[in-house]
Amino acid sequence: MNKPQIAIIMGSDSDLPTMSKAAEILDMFEVGYELTVVSAHRTPERMFNYAKKIYSRGFKVVIAGAGGAAHLPGMVASLTLLPVIGVPIKTASLSGIDSLYSIVQMPRGIPVATVAINNAQNAALLAVAILAIEEKSLHSKLKMFREKRKLTVIQKARELEQMGVKKYLANLRTA
Amino acid sequence: MNKPQIAIIMGSDSDLPTMSKAAEILDMFEVGYELTVVSAHRTPERMFNYAKKIYSRGFKVVIAGAGGAAHLPGMVASLTLLPVIGVPIKTASLSGIDSLYSIVQMPRGIPVATVAINNAQNAALLAVAILAIEEKSLHSKLKMFREKRKLTVIQKARELEQMGVKKYLANLRTA
Amino acid sequence: MNKPQIAIIMGSDSDLPTMSKAAEILDMFEVGYELTVVSAHRTPERMFNYAKKIYSRGFKVVIAGAGGAAHLPGMVASLTLLPVIGVPIKTASLSGIDSLYSIVQMPRGIPVATVAINNAQNAALLAVAILAIEEKSLHSKLKMFREKRKLTVIQKARELEQMGVKKYLANLRTA
Amino acid sequence: MNKPQIAIIMGSDSDLPTMSKAAEILDMFEVGYELTVVSAHRTPERMFNYAKKIYSRGFKVVIAGAGGAAHLPGMVASLTLLPVIGVPIKTASLSGIDSLYSIVQMPRGIPVATVAINNAQNAALLAVAILAIEEKSLHSKLKMFREKRKLTVIQKARELEQMGVKKYLANLRTA
Amino acid sequence: MNKPQIAIIMGSDSDLPTMSKAAEILDMFEVGYELTVVSAHRTPERMFNYAKKIYSRGFKVVIAGAGGAAHLPGMVASLTLLPVIGVPIKTASLSGIDSLYSIVQMPRGIPVATVAINNAQNAALLAVAILAIEEKSLHSKLKMFREKRKLTVIQKARELEQMGVKKYLANLRTA
Amino acid sequence: MNKPQIAIIMGSDSDLPTMSKAAEILDMFEVGYELTVVSAHRTPERMFNYAKKIYSRGFKVVIAGAGGAAHLPGMVASLTLLPVIGVPIKTASLSGIDSLYSIVQMPRGIPVATVAINNAQNAALLAVAILAIEEKSLHSKLKMFREKRKLTVIQKARELEQMGVKKYLANLRTA
Amino acid sequence: MNKPQIAIIMGSDSDLPTMSKAAEILDMFEVGYELTVVSAHRTPERMFNYAKKIYSRGFKVVIAGAGGAAHLPGMVASLTLLPVIGVPIKTASLSGIDSLYSIVQMPRGIPVATVAINNAQNAALLAVAILAIEEKSLHSKLKMFREKRKLTVIQKARELEQMGVKKYLANLRTA
Amino acid sequence: MNKPQIAIIMGSDSDLPTMSKAAEILDMFEVGYELTVVSAHRTPERMFNYAKKIYSRGFKVVIAGAGGAAHLPGMVASLTLLPVIGVPIKTASLSGIDSLYSIVQMPRGIPVATVAINNAQNAALLAVAILAIEEKSLHSKLKMFREKRKLTVIQKARELEQMGVKKYLANLRTA
């Protein structure tokens, strides 16, 4: 693996099924990353040390996922100068609105770049876009990624137009 | 002033008009307290040190007020074994729902005793009730406080019944 | 069992699967408790008597769980000087937002120490933290409890770092 | 005044500007009422006694207004067999959504007839409609009240149609 | 069956599983009722005629259930002088908040007595309480109903206290 | 004025300051309209007659504004085959969320074309767009209206770019 | 199929199970339509071209469904003068409230005719009502459609009245 | 001014009082920027061209502010590979929750880095943090900025501790 540039952290290993999607995207873009569990509430000292050292360890962007009273992204952002991307994890009672508000509503001075509830893929794509400002090869890969997705949509549109609604819908259901 | 038993902290001095109501209650009960500004996001190291030492400094309860992505109460709770009471501060855009969710929705393991939005008085009364478990004199004071408020309501009820709605309402408006 | 210091009450026995988690925590900490059903709406006299006598019966903290228009925690708080911890129970239609607002938004004068929706564990841990202010042995147990949870997180983090995302995720799914 | 049939109660005299609108409606219908302050949280014993005796004192309907964690209507409903109408009072932070949920979301067994936030007039009109089931004279008055309001709307509609938008709007602004 | 005094109407027969609970309560109280489907949007003329005649047909209270943009209770209330009780039906997307707001937020002049989302039982109990103002026998039945429910709670409390949490919980799960 | 093609109705003349903006747009497009007050709740018969005859009177589109439990747009839609555009009026307690849900969440079979809270201008522009499907001259006017607004934005952008932020901001404040 | 007058577009083929209901309605009314996938975010150029040409291609109304940060309906509305009907698709985390707000809260100048969450049928019925302003045959079909649905309700009401609640409910469950 | 690296755009010049705060931050950091008005809905072609060319014009980050159905940040993000930071502007009816959901809830593939409602300062600070990954001098400035804010908090804390609550509060009010 390439030298890790992105740190992916989460408050609990129960967030891994969601947060691993960020890792998949970075794998696809061949961007090195470190992924681990750092709990703001259960391991506050670990969080402090982790966040304090993340810059000097050579990382460039932090992706932090957390749910409920989600303090991890904001606390890490207050402890490092690196850009921090927050992923609000969906919760059982409040569907992630609690996570979203806890992450996005940061006070003046300490921003967290917040993405949609449970959308760890987009956190990774945002990290890639940030690195791509300076890395031309990553810019090209991002361009191809977008292009490919665009073609997929267009191809599906063509198939739908040709098959008609009923047949396409039937295929969709058996897929 | 008595030896401080309660620490009242807030994320910003702009929270003081709200949080000072907690101090007023503690003054009334002659419970010693310390009141200061500790910002989770702008002074994370200060918060760490403050929270880590609060127990050994002889405090018994922490009252923490914060607004928006309000991480102060939960982070202090993760750094001390003392009970932490959280006051969600009302915010301009989301009226304090963001503060409430950020404070009350703590994950399993680290509770924050949350009171109503902007209700710093109740935070102080809860702290008093906690101390009153062991301090009989405080229990008596709390009893009198409640009794006095009860009598105020009953007196108002009597006045309203005697004056009638219109006159009482007129008095209320000129008061 | 030790002399009960904590009263755990709930509005309905259908809340028991949630509220029993508070009992489990207290069992773990060897803190004596009483657990019963007290309905504010179906047994108001029982609630009055229960709340009125709870102090003289030697209890120190009340944990009350209720859902929907959840009046039990607040009404008990108005009838005793003991600290009352409220657990908003998740509801079918409003996911416990109704319970949360009914419990946390208490008026000036009568606080309820509110924890997260359905988080009865935290209610018990808060009660333990309150008792631990004076009971040194409980303070030590709470310290160990936190330490143990911290180690669990760190161990999981290490395993995740060593196994890699895919393998850990596979283990997680089969666990 | 006629023998009081309706009890109008509220949690605080600060609710009087809103709740007095119920009294105005009952005055208009010449329905006797009693209006007073009964706080569920500050005067729970008074509330118990009040609610327990309200039936034997000859009242027929209770109108109860309260704000925030609004327990008065539901608790009174649990203590009397009379129909209880709840008025959710608008609140500073949550605009009365807290009051509404605390009043309307009653569990199976104890209903509260809830009206719109701050709409004490409708509470009184509902009480009148309930009494009018058996009192024919009240039924006639209610019919006339509705008829009069209907005519007011129709007259305004005619004026607006004749004046045109601009002139009517100008009149509206100077009114 | 007794002469029907209560009309139970709903916007769609898909609301019947919920609204039939109102009928069960009325059956228990031996209060006569009529139950049918009246759609404000699909059968507006039927709704108009139904609502206009409901008083002269000898009914005393209307219970109306509807979901989404739930106009049935409010429209019927505008067309009859009888008290109308509204039941907000839970919806797929907004969990019945849309139904609740559409029913409870009636403008000044036309109240709808709103109960909790999906709580048709309470609508029936409220109707019974309204009739019981004048019908002594119904008052007695309501008293017994409440007493019985109270005893059930107390009995469950006793069983829980005697069995202990674990055994009771096991029984609850197998029940 | 041209033969009226659009009916603008509102639940109360207090909605006129908002709804008159629809009239201003139609004046600008020289589209004839009728504007009046029709209350679903206070004048249900008038609403029925109005809605039933609106098609045969030659109207083509109805714009209906209402607030709170806003039934006017949906009820009119159920009584006419003409397209009905609903304007949710902002309310004091719930900011128009109640109006929005009451208007937009119509059940299958009877749509209401809902626009943004208080956005009566857009209701009129939507009505114009509907008429413009067949009226070429209206299509041209709509094109010019859009073009003009586009130019205004571009001109403002140019001014801002030339003036710089501070000067433009100063002008904005004195404007 | 008839010459397509309605364009049904959606942001993703995963919206097809919902949006195909619009097609079913148009099939029933024998109104020609085109149905395809146009993603505002993944195929912005395609969206631009599609929207820009939709008028000159002879279409009369656009139906656009999208979920989450749902920009498709509003962006298409800004690129064509044709009326655009927006269908907010229900989402996993926010149940379609995000989709609803993203579609309905359009700024002054560019309306989107918004229907209920997931209610693609109503989008199609609204499109039919718009076409029916000028097409008399469509007006007649719409009248029959409404009449048929009305009869279905009335028939169900009759059956329910005759069968009684229990039997009807049993049939409903086995249906 | 330095070569512009950041593009600050907003949907309307009425957003300037909020968005100009981003410019102030960039001025403080001596980071070059361009600030202009680009409306997704009123000037879609301008938005397309602007977004398409922003990368080749040498910009590195886009900050986009918009309110209501806020499509500007997401649409620009779909048209450029540069990282886009979205600022949800507070709105009159929904306080910016509509803006927040429209910006943050982007679908998989196209992220928008969302900051708190109206928090344009944080958008600029996030942009600075992104540039600071590679620009060491900017990293140093950001460090100093944070340090300075930290010192301000600590100084305020000291003053508050020395003055006491009442005096500090009095000063705060006259400030």
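Labels A, B, C, D, E, F, G and H are assigned to the chains in the order they are written; within every chain, residues are numbered from 1.
Note that a contact is a pair of C-beta atoms (placed from the backbone, for glycine too) under 8 Å apart; a residue touches a chain by one contact, two chains touch by 3 or more.
Just so it is clear, the structure is predicted and the values come from calculations on it, not from any experiment.
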| item | value |
| --- | --- |
| Between C-E and B-C, the pair joined by more C-beta contacts | B-C |
| Between subunit G and subunit D, distance of the C-alpha-averaged centres to the nearest whole Å | 41 |
| Distance from the mean Cα position of subunit H to that of subunit B, given in whole angstrom | 33 |
| Interchain centroid distance [CA atoms averaged], subunit A/subunit H, Å | 20 |
| In subunit E, residues with contacts to at least two other chains | 12, 42, 68-69, 93-95, 97, 104-107, 109-110, 112, 116-117, 146, 149 |
| Chains touching one another, given as label pairs in label order | A-B, A-C, A-G, A-H, B-C, B-D, B-H, C-D, C-E, D-E, D-F, E-F, E-G, F-G, F-H, G-H |
| Complex contact set, residues of subunit H against subunit A | 60-61, 81-83, 85, 100, 104-117, 119, 121-123, 125-126, 129-130, 132-134, 139, 142-143, 146, 149 |
| Complex contacts: residues of subunit C adjacent to subunit D | 11-12, 40-42, 44, 48, 67-71, 74-75, 77-79, 91, 93-94, 97-98, 101-107, 109-110, 112 |
| For the subunit F and subunit D complex, residues of the former touching the latter | 12-13, 16-17, 20, 23, 34-39, 42-43, 46, 68-69, 92-95 |
| For the subunit H and subunit B complex, residues of the former touching the latter | 90, 95-97, 116-118, 146, 149-150, 152-154, 156-157, 160-161, 165-166, 168-169, 172-173 |
